[in-house]
Amino acid sequence: MEQIAIALVGAGRMGQVHGPNAAGHPGLRLKYVVDSRADAAAAMVARTGAGIASLEQALADPEVGGVLVCSTTDKHLEHALAAVRAGKAVFCEKPIGLDLAQVREAQPLFDGSRFLLGFNRRFDPQFRVLRQRLASGEVGTLETLHLVNHDPAAPPPGFIPNSGGLFLDFTIHDLDLARWLLGEEPCEVFAMASCLVDPEIGRLGDVDTARVLLRTPGGRLCVISNTRRSGCGYDQRIEAFCADGRLAAGNVGHDRVVALTDAGSRGAPILPDFQHRYADAYRAQIDHFAEVVHGREAPAVGYADGVAALALADACARSARSGAAVDLLVAP
Amino acid sequence: MEQIAIALVGAGRMGQVHGPNAAGHPGLRLKYVVDSRADAAAAMVARTGAGIASLEQALADPEVGGVLVCSTTDKHLEHALAAVRAGKAVFCEKPIGLDLAQVREAQPLFDGSRFLLGFNRRFDPQFRVLRQRLASGEVGTLETLHLVNHDPAAPPPGFIPNSGGLFLDFTIHDLDLARWLLGEEPCEVFAMASCLVDPEIGRLGDVDTARVLLRTPGGRLCVISNTRRSGCGYDQRIEAFCADGRLAAGNVGHDRVVALTDAGSRGAPILPDFQHRYADAYRAQIDHFAEVVHGREAPAVGYADGVAALALADACARSARSGAAVDLLVAP
Amino acid sequence: MEQIAIALVGAGRMGQVHGPNAAGHPGLRLKYVVDSRADAAAAMVARTGAGIASLEQALADPEVGGVLVCSTTDKHLEHALAAVRAGKAVFCEKPIGLDLAQVREAQPLFDGSRFLLGFNRRFDPQFRVLRQRLASGEVGTLETLHLVNHDPAAPPPGFIPNSGGLFLDFTIHDLDLARWLLGEEPCEVFAMASCLVDPEIGRLGDVDTARVLLRTPGGRLCVISNTRRSGCGYDQRIEAFCADGRLAAGNVGHDRVVALTDAGSRGAPILPDFQHRYADAYRAQIDHFAEVVHGREAPAVGYADGVAALALADACARSARSGAAVDLLVAP
Amino acid sequence: MEQIAIALVGAGRMGQVHGPNAAGHPGLRLKYVVDSRADAAAAMVARTGAGIASLEQALADPEVGGVLVCSTTDKHLEHALAAVRAGKAVFCEKPIGLDLAQVREAQPLFDGSRFLLGFNRRFDPQFRVLRQRLASGEVGTLETLHLVNHDPAAPPPGFIPNSGGLFLDFTIHDLDLARWLLGEEPCEVFAMASCLVDPEIGRLGDVDTARVLLRTPGGRLCVISNTRRSGCGYDQRIEAFCADGRLAAGNVGHDRVVALTDAGSRGAPILPDFQHRYADAYRAQIDHFAEVVHGREAPAVGYADGVAALALADACARSARSGAAVDLLVAP
């Protein structure tokens, strides 16, 4: 298979997921790693055989057909824009940015670009099966949706200040899933949140536990359940309640071995973290990005999706502060 | 076992559940049926061997130690009060009434009475096991709660006008369960609702699909999910998310037989309606009422519980109208 | 409903199951208890309101339409025969007897009688659903069958000497189920057995753990798995492997509550013993017997079924001793 | 990581599993493909980048440290022996051969060699977890074992004549699993078999449906359930019944999405074939072989394991013909 060279910008947590996947893809060649932290760059080189370059060098290389933007969130927009301007296909980790106005303002600059936003859950095999069965009409028209997204353990408090807060950093995944599944754009948002997991998160002005309600113009309702600490691994589930029944996508367990004694049953824990739970999704996402780089597919998740999810996350934050629902038709 | 005579007031839908259970209880004797509808009364007589009486006759009989108030909702308060004044132990179907002010006003009249309110779900074996395991600390401190209460099929539209609406008629069960499980009185309520099942319900001014959020002073959150039509039987579940994991009480299936073919698995439906799903709960409730009648137990669910649940239901209705959360400390 | 009087012969372990069920049946009236052990008889009287009588007295009463034979196994045949000769409908606990030749010899004496043999598992709702779905053709033609019948705990050694041994006392249930489900009479039997649970059982000449294979003339195979001690409650399952898939009837759990933590899931134990697991089956069996007593149904399980199951159990015992399969066409 | 060159002998069905896994292993380099069928060899070259060689050429290359023997069963012994004589580490697909006497005779020639036999199920993550939990004592001492190994669909009749028959070709996997799990060598074997799936298999002298019983010297019993056609995918399960409960390793489903309607639940099929079900096991097996090639681990499954499983399979065939148990202490 013909290979097209790509560059990885950022060899941190998400770069360590996407870089090796891209390096192992038969249609891609990871030519450059861009990261000012020498040790992170060197580790990626050792793992993938890529070379080290500056962003400018990587973008100037005409062999490079695509760029994986996995830098820190505050650099997503700048790096993605540079790559787009260099004519490269871009994969950009979520969120595009934390400032809704700024992200909206930049949107025209991405018109016509090949920009794929990293909402990985749309590529999860479990969720794709749920969506296909939903679309098949097997259980009738969708009425309400429940999304459970519970992290296994709270991040270190140092992560909080630049994270954008729970809604922009974490809930945004669910807001994108909701848009992907509801079949209508949510027009009303309400959020209720608490700090129950780590008081330090509260002192930093953030919350760690939240429930969000969305409503669409047609009256469909969606519940999003978030916590920073589940106590039971990475709890990732969807339930779709429809006119003729319901569909549920359950968690994936570590194994299928169960003990039964007089005291009851004991089964395996579910997968512990996003790296394990979404390993297939991350690979499928890079498969899709390879098709985009090769010009065979248009990006399935674009800049506009990032704006829409960010606007919903922003509305969540506003609602949680005000105690009232936000009407997005009035206050988008 | 010594038997104490009781009277059943109302031989309609709920009287047909409680009357036979009471008649079959070794510690109770169903002496009278009170119902002005001759056919309903006669059917209960045929089924239980009870006699027919007016409410006055039944209350005047010193042998009668207890009264089951299963009349229409608008008569609950009047009938319960008459029985209490006659010194009888009272089992009263929920809700006490639909007018919060009136129900609150009558509360002092029930002081010191033996009044058991019919929140049957507190007696469900599944939910009791969940509550016991929650209290045991097995999964740590409760943080958030999800209650799913989905009816199998919408009631006939004629039921709606005198029902009190979805929140007072239906959600009130979940509001009581939330109070029973949360360990703190909810202080904030938000409700979002739609009419998705039957447009006639909407024309009558009610809703058929709702999501409710509650918050307690300690920051615990609770989601209530309601619909008038599930498409998959009587969907009754609880999930309790705690600091060290979660507890879930699932549905009870019709049977445990599963087919597996190349097309997948096919299992049994869940129990179809409240009569089947809560059959054990209704029996346990009457068991408890028998203990109350015999003076061996105090009522586990009292008048104050009915007031509290009704106040929360009223707040749901207000919130759904206003689009804002209701702060019960400010506007109880 | 018209009630017909019946008599209970034997107020021991099985009489305590069937007596109260019959006493509570709307179409039956438990008029007499027959048991020479005064305390057992008195306990049954206290529980059901029946009177005490000798077998002769009970059979001489023309009001008595049916007899429940729950005496010790060595008396089953004698008591059942007396009742049949008195023209009564008979419910007889399994097995009819332990001596195959004697049981076969008595068979003509039961011709034309209303004799219901107590193979309760045919009345289990789980197993009935499995059989209905098997008959529906949903998964094609039956090819092989697995029956799991594991007792929770070994009986006291004193039970063993008069029990007939594992195959005649315990496996006989599965042999009847196999006949009920296979659609053909088994023609070949092989049994392999060990004493793993309690060495005292071995010293008494019996086994406590066995696997039995059956083959039908059409080549269908059946595995029976037995142990006297499961360590996990009363393990009762059926799997039917068919041309187009398989059907499985699973155990019934105590409840449906599951905890999930980082260490895995913890669910409820299964029902602990035959009294709980087959409570519905025992009631359905008495429902059917009431229909037989009233002359509205013919017995669903007859004397010939008892002979056939006993012959298979006898073949199991022979095979376990010889180490070779028993061909029932050659050595019935 | 240092890479050691290896050669693949046979690019057919199993070579297509192991060749790419070895080629993708960081510690191995697939240098040669040996297959006289030019198209099979070319396809493997295209997929892995290996070169084509004769067996002699591959064995003569001192860079080659290991050989994967994936030729037809009748060549396993010859090819494995040649590789062992050339001093290579050998991975050999099962079975070593179909002639027990010949395989036994050759055993001394493998003394001291690095010979890994391809019983892949020992490397299955599900079965490894079950074995670890069994060894942990969580449910007490093992008493009996049930192995379900059902193929999704019968092979073409042309496969049968050189397959060795159901027991040597198929049951042998379970016999190895039984040895791996029972903790004692089985000493008694009984097999009952039928031809229910495809009459052509019967005309060729083979069976397609079987149940096997094993007993160990300590009295442990094992049931093996085999069919050539499940109608429900690749049904691969283990149940271990122990003194204090039981352990079960269930199937892996295609996904965890379930629909629930008034008609019941509908879930995903299980994985359809050995390639999907044992993909992880095949990778783990090659991981282990790489350690053997590098001299860091001794083979976990050796020649003697192959002899023992073959002897049990041979006893199954004898028992199925004779209708009697085979005592391996008398007639090994």
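Going by the order they are written in, the chains are A, B, C and D; count residues from 1 in each one.
Everything below uses one rule, namely that a contact is a pair of C-beta atoms (placed from the backbone, for glycine too) under 8 Å apart; a residue touches a chain by one contact, two chains touch by 3 or more.
As the structure is a prediction and not an experimental result, all values here were calculated from the model.
Student: Sort out for me whether A-C or C-D is joined by the greater number of C-beta contact pairs.
Tutor: C-D is joined by more C-beta pairs in contact.
Student: Farthest from subunit A by Cα centre, which chain is it? Let me know.
Tutor: C
Student: Just curious, how far off is subunit D from subunit C if you go by their C-alpha centres, in Å?
Tutor: A distance of 41 Å separates the two centres.
Student: Just the number, please: Cα centre separation of subunit A and subunit C in whole Å.
Tutor: Roughly 58 Å, centre to centre.
Student: Which positions in subunit C are in touch with at least two other chains?
Tutor: Touching at least two other chains: 139, 231-232, 235, 244-246, 254, 260-262, 266, 268.
Student: Can you check the complex and tell me which residues of subunit D touch subunit C?
Tutor: 139-140, 143-144, 146, 150, 188, 190, 192-197, 209-211, 213, 215, 219-221, 223, 225, 227, 229-232, 235, 241-246, 323-325, 327
Student: Okay, in this complex, where on subunit A does subunit D touch?
Tutor: 125-126, 129-130, 133, 138-139, 244-252, 254-262, 266, 268
Student: What does subunit D use to touch subunit B in their complex?
Tutor: Touch list, subunit D to subunit B: 152, 231-233, 235, 254, 260-270, 272.
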